[in-house]
Structures are given as C-alpha cells and as structure tokens.
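Take a look at the structures listed below.
Shared between the two complexes below is chain A, which has chain B as its partner in the first and chain C in the second.
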Partner chain A sequence: MAVKTESKNGLMVCRVEGDIDISCSPDLKKVFDKLIAQKTPKIVIEFSKVTYVDSSGLATLVGILKNMRSYGGRMRLAGMSTKIKGLFEITKLDKLFEIMATEEEAIAGL
Partner chain B sequence: MEENKVSIEIPSEIKYIRKVSSEILESLSPYGPDEKRLFDIKLCAEEAIRNAIVHGNRADKKLHVRVSYWVEKDKLNIVVEDEGPGFDPEKVPDPTEKGNMFKESGRGVRLIRKLMDKVDFNEKGNRIRMEKALK
Partner chain C sequence: MDKEVVIKAENIVKKFGDRTVLNGINLEIYRGETFVIMGGSGCGKSTFLRHLIGALKPDSGRVSLLGKDLSGLSEDALDAVKKKIGMSFQSSALFDSMTVGDNVALPLKEHAKLERSVIDIVVKMKLELVGLRGFEDLMPSQLSGGMRKRVGLARAIVMDPEIVFYDEPTAGLDPIVSGVIDKLILDLSKKLAITSVVVTHDMKSVFSIADRIAMLYEGSVLQVGTPDEIRKSDNQMVKQFVSGSPDGPIKFFQQKDDYLEQLMK
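Presenting the complex of A and B:
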C-alpha cells in the first residue's frame, strides 16, 4: 500500500494504491493521523488504484472520518471500483461516507 | 470424506493470512470462477482467518488456526477453526445499526454472511463453514 498526498484547490487529495487490509491499515492510519493532527479541514481519498479493502481497512477509514469530524473536518471518498463500493453498501458505510464517482466530483463543492 | 480436501494449519499470526487465501484462489483456476467471485472468496477467507487469529485465538502464537477447503459439485467449501473458547455469532452487534456505525468490529462477519452462499458455525462458535458456488 502507498499513499500519495497532494494539496489541491485548498484541500488535500490522498491517492491510495494497493490493498487496504489488516497488514497495512496501521500504516494508512499513521498517514492520516498526521493530517488530522494538523486539523486538515478537507480531505479527498482517491481509490481508483485500490485493489482490495477488508473489514480492518473499513474500520480504519471509519476511524479517520470520526477523528476528522471531531474538529469539523470533512472527507470524501472517490473513484472506487464496483467491487469495493459493494463492501461499503453491504456494511451501509455508503450512508456514513460521502462517496463520489470521481476525484473531480469529490473536490467540487467540498 | 470430502474429495480433494486440503487442510492447512497456521500459527496465529497475521502474516499467514494472505498465504492461505492465495493457496485457495490458486486451487480454483481449473473451475474458472469470475473475478467477482474470486474477490468475494479471498475477502471472506481472509476475514474468517483473521477473526480466528485475532478474536478466536487472541493472537496467541502458541495456538493454531486450521483451514480446510474443497470443491464439491462446483461449490467451494471453506472451514476455518481456531483453538479459542468460541463466540456466539448471534451476539455480534449489527454494524449497520445507527449506534454501531462508528464501532470497529462486526463488519467481517456481516461481509461473510452477505458474500458467501451458505455460512454456519459450530455450537461452540470456534469453527465457521462457508460455501460459495464457483459458477
């Protein structure tokens, strides 16, 4: 798993590549802990190169959202494959997260 | 006895999860399951093994997890058993209920129940059996 971050239009875009599973969820959390410590107001996580997410990955993303909301931050997810979006739908996390089809759509209006 | 049944025993360490799921997926190539089925099988096998390691055996490296799998009538069967005290799957909080949405646990079991065709637990709650059609 790798995360590339880019500051863009006043928000932070985080492009994740690879698997978000139990072996790399702690690394993902560390990346976002730094952004949260800086009270980054708006984050878009881009998923188009994410190949796999397990329940520990979902739990990590929920934790990131919870921490961002604690200081009024906003987060959107973008570019998910149908398979991965299906996991959010099964767990009803699609109701908790703002999930947009593309990065551009996620940035717009955030 | 099930034909072509393969059994693997691993220590309770996260690093073995992917090794086992990869072996299961490789064994399925003669049956030609589509990409979505392979994704579901990989995820559910890994969720079940992770639960066995983390919740069942409490990551005690002295305890083992046994994984068995076989194909019967174009259906994959996977059994995952740990050496822990077991749990009551009916008592796992529903992760989709409003008050539980921010909780960390419970999603693995829900994903397994939704993505596999049949799922059952033994009475003790330390063994799960999952079935998924390959076509």
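Presenting the complex of A and C:
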C-alpha cells in the first residue's frame, strides 16, 4: 500500500494504492494521524487504485473520520470500484461516509 | 465460468489405533458455496473437518486449501493459510473470563498490531453483522446458548476469512434459535462472499442452508449432491438418514458377536 498526498484547491487529496489490509492499515493510520494533528480541514481520499479493503482498513477509515469530526474537519471518499463500494454497503458505512464517484465531484463543494 | 475449487480432499485415510475413521475420502468444495457434510454421530465428519483445517494430518492422502497442499507446508506457511479461514466451534469455545468484545477481538490481537481504537471498531462491525451490537461489555455467562453461538460466529469472521468452517452450529439449540443461526450462516455467506463448510446432522438445517451436501457413513462418502438430489436419493442409507428411520441398513448399535467373550476377558 502507498499513499500520495497532494494539496489542491485548499484541501488535501490522498491517493491510496494497493490493498488496505491488516498488514498495512496501521501505516495508513499514521499518514492520517499527521494530517489530523495539523487539523487539516478537508480531506479527499481517492480509491481508484485501491484493490482491496479488509475490516481493519474500514475500521481505520472510520477512526480517521471520527478524529477529523472532533475538530470540525470534513472528509470525502472518491473513485471506488463497485466491489469496494459493496464492502461499505454491507457494513452500512456507505451511510457514514460521503462517497462520491470521482475526485472532481468530491472536491466540488467540499 | 469454471468453478474454482478452494478445498480439495484426496483419498484421505485416518486411523485411530485399529479403527479406520476416514476410509479414503475424496471431495471438492467450490468458492462461494455452502457445503454441508452430514452423517450420524461417529461417522467421521468432525475428524474430517479437523483434517480440512489442518488440525489433524491424514495417515495417507492430502488436503489442499486455497490451492496449497497442507502436507507440504512449513509451520509459517500453514499459519498464513489458516489466517484465511475461520472456525466456529460446536461449543462456541468462548473464554468465560473475557468480555464478548475481547473474545471477538482475540484473533486480531494475536495476528496484528492494530491500535485498540481500531480493534474496537472492527469488533462493533462484526457484532452488528451477527445482530449483537451493544453486547461488547457483557460476559459470555450472561448470554443464552444462541447468543454465544453468534459471538463465536463474529469471532470466526473477524479476520475476513475466505472460508468459514462450522462444527455442528445448531447443536443444543431450540428450533427457532437454530433457524436464526441457519439464516445468519446464509446471510454471512452471501453478503461476505464466504465459502461455508458446515458439519451437522440437523436435517432441517442441512436442507435450509446447503448448496451441496456430502453424506458420510463409516468414514466414506456415500453421496454428494444438491439438496434435491439427496432428497430423491436411491441410496438406501442416504434415504434412511434423511427420513430419520431407525430401521434400515444403517445400524445404530455396533453389533459384535464377541460381546460376551469381551465381558469375560
């Protein structure tokens, strides 16, 4: 798994690549812990190169959202494959996260 | 599309002392199906299950799980395969001194370096899937038998397994709770695209959950088929088992002529 971050239009876009599973979700958390420590107000996580997300990955994302909300930050997810979106639906997390079809849609209006 | 074989048993033979418990079992189980292994008490089905999960080694023959021949694997490689399977035990096998949440979290703590806050979220997600969210802080002794089974299921799926094995999931439960557990097994299989292998002799359960069924008798496979094929089977032993009749080719008592001799030994 790798995360590339880019500051764009006043918000942070984080493009994740590869599997988000139990072996690397602690690393994902570390990347976002830094952004959260800086109270980054708006984050878009881009999923088009994410191949798999396991439960630890989903839980890590929930934790990131929870921490961002604690200081009024906002987060959107974008570019998910149908398969990965299905994982969010099974666990009802599609109702917790703002999930947009594309990065552009996610940035617009955030 | 060809069906992907995720479990393959080839000519499995196992003896305990002089007794042959598994007598050359061949089976293939496909990805995504709910496969039921049924048979009477002592037919070898639980022993066979223990071979499938790598807990027992066959005297001859081999088991392949997710494309890996278990007999040729190192301890570490076997552990890596075992991470991809979940096991739901007949007794639920919960630790009575630990809360429900800690019981479910146990495999995560053993296998991964996740922070407690992340583990707590995973546990909540899994308990939601088995309808027990909010029960994290209770102790197993405060739960009914059916609820304990569901906690066992939550623990079996906590590592996102590709295959879940269920040993007698409805044993000791009343018909309504058994129905709830059956529905849950089906739900989890479909929602999470899990391959489920269920060992049971509960006929109602067999026909409500199985995509395919294997009937075991005296360590051998009598027949493999869909529920419909098993219901309409011409095999007299399968017929007797399905109808639950005491009369037929299956003997419920070991008939041994040397009983009196044995007593006098």
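A few comments on the model shown:
As a working rule, the second predicted complex is superposed on the first by the 110 of 110 C-alpha atoms of A that agree within 3 Å, B and C clash if a C-alpha of one lies under 4 Å from a C-alpha of the other, contacts with A are read in each partner's own complex, and residues count from 1 in each chain.
Convention: a residue touches a chain if its C-beta (ideal position, glycine included) is under 8 Å from a C-beta of that chain, and two chains touch if they have at least 3 such contacts.
As the structure is a prediction and not an experimental result, all values here were calculated from the model.
When both complexes are overlaid on chain A, chain B and chain C end up clashing with each other. By the document's definition of touching, neither partner reaches A:Glu105: not chain B, not chain C. When the two structures are aligned on the shared chain, A:Pro26 is found in touch with chain C, with no touch to chain B. When both complexes are overlaid on chain A, the residue A:Glu17 reaches neither chain B nor chain C. Of the two partner chains, neither chain B nor chain C is touched by A:Asp94.
In the superposed three-chain model, the partner touching more residues of chain A is B, compared with the other of chain B and chain C. In the superposed pair of complexes, A:Ala59 makes contact with chain B and with chain C alike.
Within chain A, the residues touching chain B in one complex and chain C in the other are 22-23, 54-56, 58-59, 62-63, 90-92. Interface residues of chain A facing chain C in the complex, by the touch rule stated above, are 22-23, 25-26, 29, 54-56, 58-60, 62-63, 90-92.
Against chain A, the residues of chain C that register as touching in their complex are 108, 111-115, 117-119, 121-122, 125-126, 128-129, 158-160, 191-192.
Across the interface of their complex, chain B is touched by residues 21-23, 52, 54-56, 58-59, 62-63, 66, 83, 87, 90-93, 95-96 of chain A. Chain B meets chain A in the complex at residues 14-15, 17-18, 36, 39, 42-43, 46-47, 50, 95-96, 101-102, 104-105, 107-108, 110-111, 114-115.
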